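Look for chain A in each of the two complexes below; its partner is chain B in the first and chain C in the second.
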Partner chain A sequence: MTEFDPTIVALLCNWCAYDGADAAGRSRLAIPHQIREVRVMCSGQVDPSTVLKAFAAGADGVLVLGCRPGDCHYRTGNREALKRMRLLQAVMAATPIHSQRLRTDWISAGEGDRYRRMACDFVLEIQALGPVNPKGRH
Partner chain B sequence: MARRPTIALYWCAGCGGCEESVFDLAETLLDVYRQTRIVFWPAALDARYTDVEALADGEIDATFINGAIRLDHHLDMVRLLRKKSKCLIAHGACAGLGGVIGLGNLHTAGQLLDCAYRQAPSIAAPKGPLPGRNGGAEASDPALPELLPATLPLDRVVPVEASIPGCPPTADIMAQVFEGIIAGHLPAKGTVYAHRKALCHGCPRLDTRPERIEISRFQRLHETLWDPAVCFLPQGLICLGPVTRGGCDARCIQANMPCRGCFGPTERMDDFGAGAISLIAGLMADGSEADGRALIESIPDPTGLFYRYSLAASVLGKGRSS
Partner chain C sequence: MDRIGVFICQCGPTLQEALDMPALARETGRLKDVVRVERVSVLCAPDVSPALVETIRTHAINRVVFAGCSPREHEETLRGIMVAADLNPFLMQVANIREHCAWTIRDRMQATGKARALIQGAVERVRHHRPLEAKKIDAWADVLVIGAGMAGISAARTLAQEDRRVFLVERSACIGGKVARYEDLYPDSSCAACLIEPDLDTILHDDRIEIITLAQVEDLRGRPGSFSVSVRQAARWVDADRCLGCTACTDACPVKMPDPIRADAPRCAAIGLPYAGALPHVAMIDRHRCLRAMGESCSICQDACPFEAVNYDQPDTYRELSVGAVVVATGFQGFDPDREDRYGHAERQDVITADAFERLANASSPTGGRIVTADGRVPQCVAFVHCVGSRTDAFNAYCSGVCCLAAFKHAQQVKRQSPETIVHHIYADLCLPGQAGQRFFDRFQKQPGIVFHRMVRPGAVRIDPRAATPVIHVTGVDGCEERVEADLVILATALEPEEDTDQMAKRLDIELDPDGFFKAHHPVTAPVQSSRDGIYLAGCCQGPKDIPASVAQGQAAAGCILQRFTPGGTITLDPVVARVDPDLCAACRTCLALCPCGAISRDEETPTARAEETLCRGCGICAAGCPSGAITVDHFSRDALHAEINGLFDLSGD
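So, the complex of A and B:
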């Protein structure tokens, strides 16, 4: 059996997290190929239905990354994102798509290494959890 | 006299409340009976599977299916009725979104059978056979229908023309549906017999809803004496009226109970629970890290609350492989 190769969607805010990912690229840091980066204007723009759409489209894990607390370009977007994602996780905990498959965290612009570490850790964690639908796609 | 439309009604996995929504028509039901030809309605009339099989394809004008799809037998029935009907209507929350039955998708079919047939304290023969295709050779020992791996809303099994939301739908809505069919108008594809906008727009307490709501503690109904004239949300009571389709005449609100979302998502939403989570998270007061967690933990059974009627229609409830 080959090793499970998950699909992970990373929703990155335009002002900090995406810049952080960019910094990783400029520093030639290797980012796991399982991560599919999507740039959004603000993590506060990420609605629970966006996350569920990613799972419905075949994602095995979703990362929501915004500016560090207090640093949001729109002042409170990351705080709103955290509330929504935490409540969504509380709902997911009882369902077949477990809450560990969704992670919210913060990256400031330039934190390329932090982004690389976060991406690698999450890929390992999702690999350990296995696919969302073991009989379906794999 | 105009041609009487042909109608069928069938009950899949549901509590019977949707059948009740037809009987709630009271005297009007007699008019419906006179002005239609009801060829199949197991809850009220004596007609058999073979009677439906004997009909020509497309002979039934409108078939109402209530209840979710949970047994292999339901698959056979709705596929047969689909073939015989011009128009198929998902009648009630279970047929439309999986309903309360859909919460069974939090467990595997095996776990559900084990709970009901092995673990329940009232079971006298815990080693008896489980339902499934395991009947004997005699007619007196028939096989019981098999539980599917997960609950399915009707439209996951067959194409559906229209839906009537509600747990159960109101008698007024049912009367309106029958009236249209009797007048010769079958619903257009995608018809939903309810309002386009949210329940809030027609809520009798709308004027008491403040511009800005901040909840720092969620209250539970049995722990609270709430003001029956004021919007539930500023009182810390979760009400899903802002994300639920209107059309129910605010029955629960008028009985002083908050909305639990049985009319499903409004026109612009796709996943009901996701919308409900967004709504409630947006009302939560800012606080320390610990306060935020405690606030969320004060909501008992969030999955059952936000997805009470729609889990089987969500990616979160598409069943689990056993």
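So, the complex of A and C:
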């Protein structure tokens, strides 16, 4: 049996998390190939419909990564993101999509290694969970 | 009809090794509406642009995807290519196949597969981009300077010399900051007042500089070139235009409180000058002490004032200032040694901080500048403890950099007044930077009656809180304890951020560094720029430094502003901003509470929300929070993001 190869969408804020992911690249750190990065201006720009869109498109997991608490480029965006994603997770509990498939976390610009660790952990976690809906998927 | 061109950068040899370029180009060419795929050796090379422009024209390409390095690296360069090809610079999207693929995925197949997905995502997203025009608006050349210490004054003077209008907002009642109350300056013991007062006088009488004392910045909105600032000025209860600083009110005031630094000093009244020689030379009422402020009917000072300057009805005032740029120069505060009981500072009047010593040694002090013990004697023996609150993980890990030389300056002041006095320096290491530091120290230590004691680490001392005179127990480098007795102990306290620096950072929306000072945009290459464009930093609010460095930063901040904001100039607005669709807006006000920039207001006539493009910074927090989906941030619209995600999974947008 071949190992489940998930696909993960990572929504990264322009100012910290995206730069953190770039820093991983600049340091030539190995990032799981399953991660697909999407740049947003702020983690607070991610609305729940975008996360659901990712699952609908076929994502097995979604990462929403912003600046560290207190460091948001727009002051409050990461806090808003956390609130919204927590609420979305509560709603997801009533769906076949496990709420663990959505994670909100923080990466500061330059924290390439933190990004690497987070990406690796998340891929392992999603692999353990398996596909979202093994029967219904193309 | 979309005619999408995709240019894949090979970044020299870098990407070719990690990615299967021919396959990537071939598969990209099969995507819908992609009319041309080209592999380019180095996209950012200046000589490449004309060839790309030619390709774009030849194939009538109207939207472009650039695949290569991170958009944080070269997005602006690539927009330049768009402009050169007569395309709107926003009709393009960058796929990051270097940092996010070639450099992080070891397997060539997997890296190529991900690169293909990222490019497809970008192709799907670029369809949703609209041409955006960067608007130009008039820029204000006026400047707000916060803090009227050495750095703020230096910035204000430099700006005014070039005819800029300056609002100098100062929290206390007078200008000049801490240094205005110093007696001597190192390294040459020059007279502080002689150096500084002419500058303060110039500032006071310069009609291009408006000094707003007893004032705080409450809020700041906008962007470089157009900041709106709310300032609250507390009432002085004394009419500044009438008061001459004669102190008749002080003599009459029935309130007599202990002097904060000298218990034996004449008692302080509730009205008077902040200190003798304070500028502006105008009295103020301390409302924490004034009987009238506490509800009594006293009006003795009003009756005593020969100029009818006392006015209890004077209200706090609020000002809205429009400025193009801001200099933050809010200074530092000394470490509070009561945070540790090892110094006995709370219990002992004969253990004082460096700041208290400066005031004691100043000619305007209650002792007239005589350095004496708490009970008024000339000290036989004075001890200086270095590194109090500095270089310790418990408080501040950094070296404050100026306290050693300041301690030697203080010791020099002691020696000048009483050459027989023995001076002890209890130190762990000495910091003597710059051209003058070592020379000053060498000269100083040649004098008789100066004793050095090396402690094993900063803070390796204990001062008995109850002994008749201070006894300092020093743990030396050999681990043995030594006793040093003194009549007066001066603690060389660390320079720390002012206590409300974090509040100020929130109001100005600028970042702090790990030590709590305002963070420089870059510590090496942009030391006077804050994390927010248009707001500059000067002096010790950015980190401990000496007076020349603070003055230089004030001038540097002013220089940056003079060069960038000129009267009659314009600023270009970033067109990536929020737009409200009035047909969808339910006027629920959710976005008003969410917006961190104060950019959204409610149009009461329609009624709908309105985003002000000069204030909006394009974060999209409002758009994600709008329950009716009425707000869109151009270039990052919901549709565009959804299309990109579909592209990542090889799903077409329709």
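The criterion applied here is as follows: the second predicted complex is superposed on the first by the 136 of 138 C-alpha atoms of A that agree within 3 Å, B and C clash if a C-alpha of one lies under 4 Å from a C-alpha of the other, contacts with A are read in each partner's own complex, and residues count from 1 in each chain.
The working rule: contacts are C-beta pairs under 8 Å (C-beta built on N, C-alpha and C of every residue); 3 or more make two chains touch, one makes a residue touch a chain.
Being a predicted model, the structure only gives us computed values, none of them experimental.
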{"item": "Chain A as common anchor, with chain B and chain C clashing or fitting", "value": "fit"}
{"item": "Residue contacts with chain A in the superposition, chain B compared against chain C", "value": "C"}
{"item": "Which superposed partner A:128 touches (first chain B, second chain C, both, neither)", "value": "neither"}
{"item": "Which superposed partner A:94 touches (first chain B, second chain C, both, neither)", "value": "first"}
{"item": "Which superposed partner A:9 touches (first chain B, second chain C, both, neither)", "value": "second"}
{"item": "Touching partner for A:49 - first (chain B), second (chain C), both, neither", "value": "both"}
{"item": "Contacts of A:25 with chain B and chain C, given as first, second, both or neither", "value": "second"}
{"item": "Which superposed partner A:80 touches (first chain B, second chain C, both, neither)", "value": "both"}
{"item": "Partner chain in contact with A:39 - chain B first, chain C second, else both or neither", "value": "second"}
{"item": "Overlay on shared chain A, then closest C-alpha pair between chain B and chain C (Å)", "value": "5"}
{"item": "Touching both chain C and chain B, counted on chain A across the two superposed complexes", "value": "47, 49, 53, 76, 80, 84"}
{"item": "Of chain B, residues touching chain A in the complex", "value": "105-106, 269-271, 273-275, 277-278, 280-282, 284, 286, 292-293, 296-297, 299, 301-304, 306-307, 311, 314-321"}
{"item": "Residues of chain C that touch chain A when the two form their complex", "value": "70-73, 96, 98-100, 103-107, 110-111, 113-114, 117-118, 121, 506, 509, 511, 576, 594, 596-597, 617-621, 623-625, 633, 636, 638, 641-642, 644-646, 648-649, 651"}
{"item": "Complex interface listing, chain A residues touching chain C", "value": "7, 9, 14, 18-19, 21-22, 24-26, 28-31, 33, 36-42, 44-47, 49-50, 53-54, 57-59, 71, 73-77, 80, 84"}
{"item": "Residues of chain A touching chain B in the complex", "value": "47-49, 51-53, 55-56, 76, 79-80, 82-84, 86-88, 90-97, 133-136"}
